[in-house]
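Chain naming follows the written order as A, B and C, and within any one chain the residues start at number 1.
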Amino acid sequence: MARVELQNVTKDWGTAKAVDDISLSLEQGEFAAVLGPSGCGKSTTLFMLAGIYMPTRGDILFDGARVNDVEARDRNVGIVFQSYALYPNMTVLQNILFPLRFKKVPKAEAEKSAREIAELVEISSLLDRKPSQLSGGQQQRVALARALIKKPNLLLLDEPLSNLDATLRLSMRMEIRRIQRELGVTTILVTHDQIEAMTMADRIICMNAGRIEQEGTPEALYTRPETVFAASFIGSPPINLLPGELTADGLRIGETLLATRGETNARSVKLGIRPEHVVANGHGIPAEIISAEALGRETLYTARSALGDTRFLEATSAPKYKAGEQVRLSFDAAHSILFDAERDRRLEGVSAHA
Amino acid sequence: MSASSSYRQATNFAVFLGPALVFLLALLVAPIIVDLVVAFTDMAQTVTINEFTTKQFGKLVHASDDSWLGFELRGTFYRALSLTAVFVFLTLTIFNVTFGLILALTTTALPDRLGAFFRAVWLLPRMAPSVVYALLWIWVVDPTERGLLNQLLVHGFGMAPVNMALNHPMALIVISNGFIGASMGMLILTSSIRSIPQHLFHAARADGAGSLSVIRHVVLPALRWPLSYITVFQTLALLVSFEYIFLLMGSSRSTMTMAMLAYTKTLAPGIGSGQYAYGAAITLILIVIGMVSALLLYRLTNMKALLAKPRIEVH
Amino acid sequence: MSGLQRIARPAAASPDWSRLAVRARRLGALRRWSLVGFLTLVSIPILLPFFWVVVISFSARTGGVDSAVLWRACAVLVPCVLGYAAAHVLFPARQHRMVSAVVATAVAVAGLWLLVGSDLHLDNYRFLVSPNLVEEIRGAATAGGQFPWVWNAFFNSLAVAATSMAAKVTIATLAGYYLSRFAFRGRSLFLQSLLILEVFHPWMLTIPIFLVIFWVGLLNTLSAPILVLTVIDLPFFIFIMKGFFDAVPWDIEMSAMTDGATRRQAFWHVVLPQAYGGIIAISVLGFIRGWEEYVFVTALRTGNSYWVMSTYLYYVAEDVMGVDYGLVAAVSVFYMLPSLLLYLFLQKYLTQLTLGGVKG
């Protein structure tokens, strides 16, 4: 199957809109992540693709054909659920074989491919166990095997890593990516974890309140966020967003006037600048350190200045400044992102620096 | 400190558990013991005990060298026993378990409101007072053409009127008890189906399962324990129930189950003849069956969860 | 790579999606309608008799029972219900459904008014206002003056049902909480004994219970059935309440205690409000059980001195006016009404009941 498309899809629950008029399309073999906070409609979108929910309006197309009314069982879609949803009464092998039951695959052949898939996800030694006897990571691998065995047109992953501990999450991230590459199956990952989305996906679809905020490569989302939401949701520690007024003279934030380049139509804006791009190197805007948090490899400071409270990072493991210390902050025009405060969109061709 | 703590412990026990203990001991445990004693006496209408004897059991069975058990059942008791077995088996398998399961499966497959409506309809017989319910049945199966059933048969299907109470007494008590019994299974199984995680249904659908496969592979495995529980419990409930049978059929011999026999020989209004020791002997058999069922229930109970230790140690 | 592709590459050919969509639509509609059809069919034998009794109570004249009114009423109601169902399917919009519901109701009311309106009357309900019904019907001599006014039986039944319900709910709540939350010696023994006692329904023990009540001298009283009703389902209710208390997080209680509450205060102010759902559910079941009681009211000879609704109806139907179907039906409807109203309004609490302790 070549393409999966959503066209102007809306899903209402009663009067509440879970998904509000979204359109997107995926090419064969692509790995896309739908990223957003909980309740933004990302899982609903996933379940509509699987055929578990029906869109209220709009179309879902597989290879250009409308599949809104096709039942989940006919769509040949593999899903890994957040809770893994393994059948508790069946062994691991029976779980993996379950989808083939309905495809009339001869028994010997079915078992052969089950063992191959088990090999691929590295659970060959667990085939006779019951799900309750497995660890979270093992259950996850079984769920993945069950989703893959039917050679799905589309693999859907619903927060698959959120129930795992931190180390396991790291290795499963790579595992899933490896398997997806090897099989070349079109995959959609739903997650609220930006690092998961950034590290695993070719393309990120950032959702908020049922709408798509922005889609693009991880790099594009990070360096050129289109909306204030996309800017603030992606990046850790979060981006500094400083409200100000754009005038003919420059960007006025509080009492301070920052130099600007480019368009100078007067309007309210928000200045976005990532913490790693703010430097405290002896010139620029005077500020007072109000907190210092050691993050391990680096230290996160919060400084109070005429611009407001600003976060910045220094690549030292031991704090260089103490609370109360005076510093001067500056940043480069290339790293500044300006948003129109009313339309909530990024302003092209304008930048500011200090 | 320790003295006041143990005082508080004692008063807490008395306040919280005392009333339950008193009622259970006085009206469940004591009667079981009383029954055990009275079954071996000659107590009759005067409610006095003159001698201890096993003659009550002699009314139920008599010694026989031909039988390999060493005794044979007497006619009345044999009849009661087989009627009980037929009544319990049919009601249980057709209604309380099978139909209860069908109702739970079908109503949960419909949209919530519609499913709830049909469940409410099936709970109606249980919620209506027993005398009203029995009266309804008496009118429905009235042997003349006044009865609702006969009106339907005669005018609707052009058949001859039937006299259910006379010609099909077992069918009558099975159906009338079953309409009530199905609702208990329906309620318990509905809540069991509801507690299956939604994701399992979704996963099965996405794996290609149709409705019947979902029932077979996802729903039924989850209903294994509730179904066994219902089976044991409803068997017992049917075994000892006589209220509807008595209200519908009176002292008719055609539906004289064991519980009915004990009731009509002792306390039934109008016809009870006060043979308390005889009734107690039959009751004793039911008590023994109850004990066996209790052991079965033991196996069905998650003892670890039931006996989970409290986590606050202060009283 | 070729091995892996064999493992999990989907077949190149795409399925015929539109054919699958058509099949799914057909199957979905078929499934939905066969379910609704099946459930409607099996529900008719239950609904029809209840409806019949209500119709009789409002339409029967002294003497016979006329079911022509029933069939005429059905002839009006069935098309209205079917029509509304069809409208419900055809119009997915809420507003249209409301309109069709109003239209269906209006047609039903108008149809009933035309076809059966002239047959309806309240005469059968005169027992509610006339204290000496039997004398009225049979003359003072035969009635013997012992048959009471219905309100007498009504309030006796109310007393039996309400008292036994209150006792049962209180006892089950206290015991359920104690068993859920307190450690004491013999706890597991008590719980296991309770499990055994659960199987001994008082119906099974009617005879020995009668003997116990006889020996303590409580025959012919209203308190005897109240006491017995209190233990009917009591172990079951204790387990239900224990289950509800088990589900209340320990943290709430611990934090109440660190805030200075004693355990009894924590129970009353913090834990009990969390278990309201269970209390309401067992109250409804307990009340309905007491309201319908017949076996113990007769077995414990309460009926000799007090009338309750069950014996009142039984007497009306069997002994006094067995031929006056209208009157018997009216008494039945009057007797059912409290149970059904209670059930209708508190139904949602009953569906929360689950099996305590059964393996999952």
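Throughout what follows, contacts are C-beta pairs under 8 Å (C-beta built on N, C-alpha and C of every residue); 3 or more make two chains touch, one makes a residue touch a chain.
These numbers come from a predicted model, not from an experiment.
Participant: Higher C-beta contact count, B-C or A-B?
Facilitator: Answer by contact count: B-C.
Participant: Among the chains, which has its CA centre at the largest distance from chain A's?
Facilitator: B
Participant: Centroid of chain A to centroid of chain C, CA atoms only: how many Å?
Facilitator: 51
Participant: Go ahead and note the Å separation of the Cα centroids belonging to chain B and chain C.
Facilitator: Spacing between the chain centres: roughly 17 Å.
Participant: What whole-number Å value describes the gap between the mean CA coordinates of chain A and chain B?
Facilitator: Taking the average C-alpha coordinate of chain A and of chain B, the gap between them is 56 Å.
Participant: Tell me, which residues of chain A touch at least two other chains?
Facilitator: Where chain A meets two or more other chains at a single residue, that happens at 71, 74, 76.
Participant: Give me the residue numbers in chain B that touch at least two other chains, ranges are fine.
Facilitator: Residues 222.
Participant: Over in the complex, which chain A residues touch chain C? Could you list them?
Facilitator: Listed in rising order, the residues of chain A that touch chain C are 1, 62-63, 65-71, 74, 76, 113, 116-117, 120, 148-149, 151-153, 182-185.
Participant: Considering the complex alone, what residue numbers of chain B touch chain C?
Facilitator: Interface residues on chain B, with respect to chain C: 9, 12-13, 15-17, 19-20, 23-24, 26-32, 34-35, 38, 47, 103, 106-107, 109-110, 114, 116, 118-125, 127-132, 135-137, 139-140, 146, 148, 151, 179, 187-188, 190-192, 195, 211, 222, 225-226, 229, 233, 236-237, 240-243, 247, 259, 262-263, 266-269, 276, 279-280, 283, 286-287, 290-291, 293-294, 297-298, 300-302, 305-315.
Participant: Along chain C, where are the residues that touch chain B in the complex?
Facilitator: By the definition above, chain C touches chain B via 31-32, 35-36, 38-39, 43, 45-50, 52-53, 64-65, 67, 170-172, 174-175, 177-184, 187-188, 190-192, 194-212, 214, 227-228, 230-231, 234-235, 238, 246, 250, 253-254, 257, 263-264, 288, 291-292, 294-295, 298-299, 303, 309-310, 313-314, 317, 325, 328, 332, 335-336, 339-340, 343-344, 347, 350-360.
Participant: Which positions of chain C touch chain A when the two form their complex?
Facilitator: 1, 3-5, 7-11, 14-15, 17-18, 20-25, 27-28
Participant: Quick check: in the complex, which residue numbers of chain A touch chain B?
Facilitator: Touch list, chain A to chain B: 47, 50-52, 71-79, 81-83, 85, 87-90, 98-99, 101-103, 146, 150.
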